[in-house]
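In the two complexes that follow, chain A is the common piece, with chain B as its partner first and chain C second.
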Partner chain A sequence: MIPLSNYLIVGAALFVLGMIGFLTRRNLILMFLCAEMMLQGVTINLVAFARAHGNLHGQVFTLFIITVAACEAALALALILMLYRRGHTLDVSIWQTLREPGQEETVDLDAPPQPPREEPLPHLTPAGTAPPAGDREESYV
Partner chain B sequence: MFDPQTMLWLIPGLPLLAAIVTAALGPKLLKHWSHLPTIIGSAASFVVAVMLLIGLAGTQGDGPHVAASGYTWFAAGAFKVTLSLQADTLTALMLVTVTFIGTFIAVFSAGYMHGDDGYPRFFAVMSLFLFSMTGLVLADNFLVLYAFWEGVGLCSYLLVGFWFQKPSAAAAARKAFLVTRLGDAGFILGIMLLWSQFGHTFEFGPLFREAARQADNPYVTVMCLLLFCGAIGKSAQFPLHVWLPDAMEGPTPASALIHAATMVTAGVYLLARCTPLFVLSPESQLYVACTGGLTALLAALIALTQNDLKRVLAYSTISQLAYMFLGLGAGLKHESLAVFAASAAIFHLFTHAFFKALLFLAAGSVMHAMGNVIDMRRFGGLRKLMPITHWTFLCGAAALAGLIPFSGFWSKDQILEAVLHAGETHESHYRIMYLILFASGLGTAALTAFYTFRAYFRTFWGREKVPPEAGHHAHESPTVMTVPLIVLGIGSVLVGVVFEAFTHGISRFLARAIAFQPLHMPLPVHHTNWLLILGSTACAVGGIALAWYLYNEKPLLPLGIAHMIRPAYELSLNRFYFDEIYTLLVVRPLETLGQICRFFDGILDGIVDLVGLNPRLIARLLQPIQNGLVQFYALVMMVFLTAFLTIFVLWLRQ
Partner chain C sequence: MAVFSDTSTLIAGPWRFVPPLVLAAASVYLLLPRPRGRSVLWGAVCGIPAIALGGFVCFRSDGAVFPETFLFYSFSTLAVTGGAVMITQPNPARAAICFALVVMNVCGLFLLQAAPFLMAAVIIIYAGAIIVTFLFVLMLAQPTGFSDADDRSREPFLAAFAGFTLLTAVLLLLDHSYPPVKPFVELLNRVDVARSQDSVAGIRNALGDGQAFLNDLGREFRQAPNQKLGKDWKDAIEDLEPELQKKDDRVDVAALKGHLATLVAVGRDIQKAKEVKPLPAENVAALGRLLYSDYILAVELGGALLLVATIGAIAIAGRKPGRAAT
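After this line comes the complex of A and B, so read on.
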């Protein structure tokens, strides 16, 4: 039989991973998923204790948490959607307006690397029409 | 037609309704028709008041009166103050005077105030003024009277400061309010003392009955003096007379209203109402009479040299009110004499209301024509230019001077007669005082005749002189202004002869007032004192003749005389330096005290601010934590939660 401590270790690992993710990622959706992960860590704890004690209290709690998490997901995703529509980004650090008046805005000292510009795919001239005179040379290269 | 209770409520109610309508609809809807509610309201109120007067006059028996019980204003245990009204003959006469004069002043104002920006405001306040004054005389207990008393004060503040954009008008309004407030402080103390001594009630009837039972109460004199204190403030007697001349800053019809019908007469009414109380205290009566005599003489002396037509009239108002107080103070312990004296004072109030309203309105008419110039040195000889104003002013001036058939003569004569009686019928030291007061009253009469006709001759006689400000206005005023003048002029000439001279109608009517009933005296007996009539007529004619000689025959002579008695002239011209003395003795020390208090307050404020600074400093330290970054908050939470849990677990281990 797998001892209780193993379950607890898995739960703690999930919780801490979620926490680290929540604190380090800036993407709103990823932060939300990390929070979900922390919840799962907790539920594993509860289920493990329920099994160790031989009653259903922990399982009831777990079901409760899962329900709440589902509701929370619906709300959080809706909020994230609205935030995205407003800010056109999922970066959480642009929402700093609720700081103390007179406090400087926190800005990144070096901006995160921009994704490389994608080269536009080469496309062929439509069949059956003469290419425009100006760029005939290039289009055949 | 109406039952008496409804009538009592209608008399103050109609002006109040007019005030509300004008205030609510005036600026948007009525505009230059804003005078209509006021005129209609006060005229209707006048009609009701006349019906009430006729009803009371027709009632037989002692002390006919009508009472209307109102709702309970406030109650605490057995103590209850009701907002109820009562009217006896004294009240009825006051009501008729106030509403009649008020109506015609309102008509006059419709012409005078035409085109003013505050046209609706003026009429709203004027209606409110009439409401307060009618309420004041109708009140059946001291607290309601006091409430309306303050209402009158408020309205006079609003009217004196009507042109509040002018700093001098604003200052005058403030002065009027504060100076009368000084008297009111004494008045309320007097009311409280009355309440505590005489049966814990504010109602006139029970209170005066209780007072008559406790005639030897040691506080009676104090009470009388405290009540008189209120009257001094309201009726502008020495030493609180300084506000009244400054109140000339208001529009002239407002001055007419304040001086003739409302406000200043409140003090006289109060003392007449309290006659049963004053009878118990000859000392306070003597004080009232002395204040009256002194103020009358003082104001007349000041009026001699004023160059401002309205100021002359203002000082004559003070002087005439002082006359009324002289009369009110002549009752002493002699009860039938007290009634005679008080009704003489109220009769003088009645006639004075007519001629003073007339004089002020005539002055307003002159001012209107002269482009708001009121300095008598700058105009003259207006009798051809403004014939109606001239004739009506002459009627008013003759009445004020006390020429024989005019109304002022009869009432002034009665007061002098009362004072003479007081001098004749009392023991030694009172006797001397009252004879001195009688002499000063006669002298004042002569001075009054002189300064009134000085103003008259300087304004209407001599070379025609019109200031450039007049422009195209220099002609007779419009009909709406001359009609009130004519009506009041007729009134000034006739009220004395018709109502009093041979029938003693007003004295008999007044003597039946319930204010005078607890005294249980026979109706006063009048006898014609030919010597007195001759004496006062001689004084009046002498004054007028002197004025005619100095200001019409030899216009240069007054300058020479003024030069000859320079110090006396300066003293009178500068109003005996009362304002300066008060500034030095009262205003400056208070200002200094205020500065000291302000400095001290600054120190206290500094200490409190210093304490208040601490939380802000601490907050300043913690402020950077609140940087708005969600993840930073989460991090802080995690760190401290971890720290807490660690400590908690370690603590559990032990």
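After this line comes the complex of A and C, so read on.
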């Protein structure tokens, strides 16, 4: 029999990893995946407590968490699609205009990346003689 | 001997959490993506010992059988490793696959805790539906402009520091509220042996140093699972203490043995209260019965929530951005 505290430790570790990911990552989809990972940590706790107390209430609670997570995923995906259509990127930091009044804007310390240099199109040297200007088509045959 | 006791406090005391947690925080900090390239090598060098040391230091094994322990260790290691790789992976598609790995291993942990229905449900819903939908959106929403958002992280140092400070607090709390059971069992066995002695000297010999024994008893107060048993345990110690501190020729042997017997009885009660009660045998049937009797209102509410979320998602996603502005 594995002691209850071991499961609680695994749940805490998953929760903390999800929290760090949610705070640091800038991709909207990854942020939501990190939130789901925090929920996974919580469900481990609930199932472990259900086992330790010998009843199924914790497992029922986990089922409801899954329900709410499914709703959350549907709404999050719809919102992400909406934001993507407006901003054409999944980067969350372009939505800084939504911050609270009086809050400073976050500025990256590292310089923004240089866009990749586009290869210039090749210039072909003109060949042959220019056709004579005139409104009548001439034949050289 | 002093050196030995020092190392034992280093292994058993709360300071033992520091090395693995510092290593893990350093590993996450080094591995988080950044524009000038993350250092995978140094991150792995810090991360692998952190996980091994953390497992060694944090987990308790109280007479567990082999296959269960092995499965628990492998599932939890894979889950935590997968989670760390997921949050530090610059490529979002690979991160989603790593999240699927985490979900699978969490399902393994569910199975170890006698929750087969939840295991199936979580695999189907998370790994089967949610992650696949996220991957679809990830592929649909390929950024058109040049962006390095996935190669940048916001405040990696502060986030790793805050996260692992929280984890340290949780671990210390768990360490305090779930004390190891083994010393308690050994203590009860010692009292049991002392109870069967006939002379005061024999009892004192079996109990060892009187004050240290009383201190041990007081420390094991944490084992009590509820207030009533805790009070019983405290009362038993308080009854025993004056009798134990008398001079040898003034001790009433019968009374002392009676107090020791009370102590053992309370200790056995505590052990019995902490024993794991069996779950109902038919998991799905019992879960269904509970859902549709005690939790029927919550089930209805959950259904309503799902319906509202579906309508809301369609309403949000079906809107054209041009028309939405007006």
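Definition applied: the second predicted complex is superposed on the first by the 105 of 141 C-alpha atoms of A that agree within 3 Å, B and C clash if a C-alpha of one lies under 4 Å from a C-alpha of the other, contacts with A are read in each partner's own complex, and residues count from 1 in each chain.
Assume a contact is a pair of C-beta atoms (placed from the backbone, for glycine too) under 8 Å apart; a residue touches a chain by one contact, two chains touch by 3 or more.
None of these values were measured; they are calculated from a predicted model.
Chemist: Could you check whether chain B and chain C clash or fit when both are placed on chain A?
Modeler: When both complexes are placed onto chain A, chain B and chain C end up side by side without any clash.
Chemist: Touch check for A:Q96: first (chain B), second (chain C), both, or neither?
Modeler: first
Chemist: Applying the document's definition of touch, where does A:M19 land relative to chain B and chain C: first, second, both, or neither?
Modeler: A:M19 contacts both chain B and chain C.
Chemist: Name the contact category of A:L75: first (chain B only), second (chain C only), both, or neither.
Modeler: Touch status of A:L75: second partner only.
Chemist: On the A-aligned overlay, A:Y7 touches which partner chain: chain B = first, chain C = second, or both, or neither?
Modeler: After superposing on A, A:Y7 lies in contact with chain C but is clear of chain B.
Chemist: Between chain B (first) and chain C (second), which, if any, makes contact with A:T106: first, second, both or neither?
Modeler: The answer is both, since A:T106 touches chain B and chain C.
Chemist: Compare chain B and chain C by how many residues of chain A each one touches, and report the one with more.
Modeler: When the residues of chain A touched by each partner are counted, C comes out ahead.
Chemist: Under the stated touch criterion, which partner chain does A:N27 make contact with: chain B (first), chain C (second), both, or neither?
Modeler: second
Chemist: After the two structures are laid over each other on chain A, how near do the C-alpha atoms of chain B and chain C get, in Å?
Modeler: 6
Chemist: On chain A, what residues does chain B touch that chain C touches as well?
Modeler: Of chain A, residues 19, 23-24, 26, 92-93, 106 contact chain B in one complex and chain C in the other.
Chemist: In the complex, go through chain A and note every residue touching chain C.
Modeler: 1-10, 12-14, 16-21, 23-27, 29-30, 32-34, 36-37, 40, 43-44, 47-48, 50-57, 59-60, 62-64, 66-75, 77-82, 84-86, 88-93, 106, 108, 110, 113, 115-116
Chemist: Give the list of chain B residues in touch with chain A in this complex.
Modeler: Contacts found on chain B: 623-624, 626-632, 634-635, 638.
Chemist: Residues of chain C touching chain A in their complex?
Modeler: Spelled out, the residues of chain C in touch with chain A are 28, 32, 34-36, 54, 58-65, 68-69, 72, 76, 79-80, 83-84, 86-87, 92, 95-96, 99, 102-103, 106, 109-110, 112-115, 117-118, 121-122, 125-126, 129-131, 133-134, 137-138, 140-141, 143-150, 152-156, 159-160, 162-164, 166-167, 170-171, 174-175, 178, 181, 276-280, 283, 286-287, 290-291, 294-295, 298, 302, 305-306, 308-310, 312-314, 316-317, 319, 321.
Chemist: Sort out for me which residues of chain A touch chain B in the complex.
Modeler: Chain A reaches chain B through residues 19, 22-24, 26, 31, 92-93, 95-100, 102-103, 105-106.
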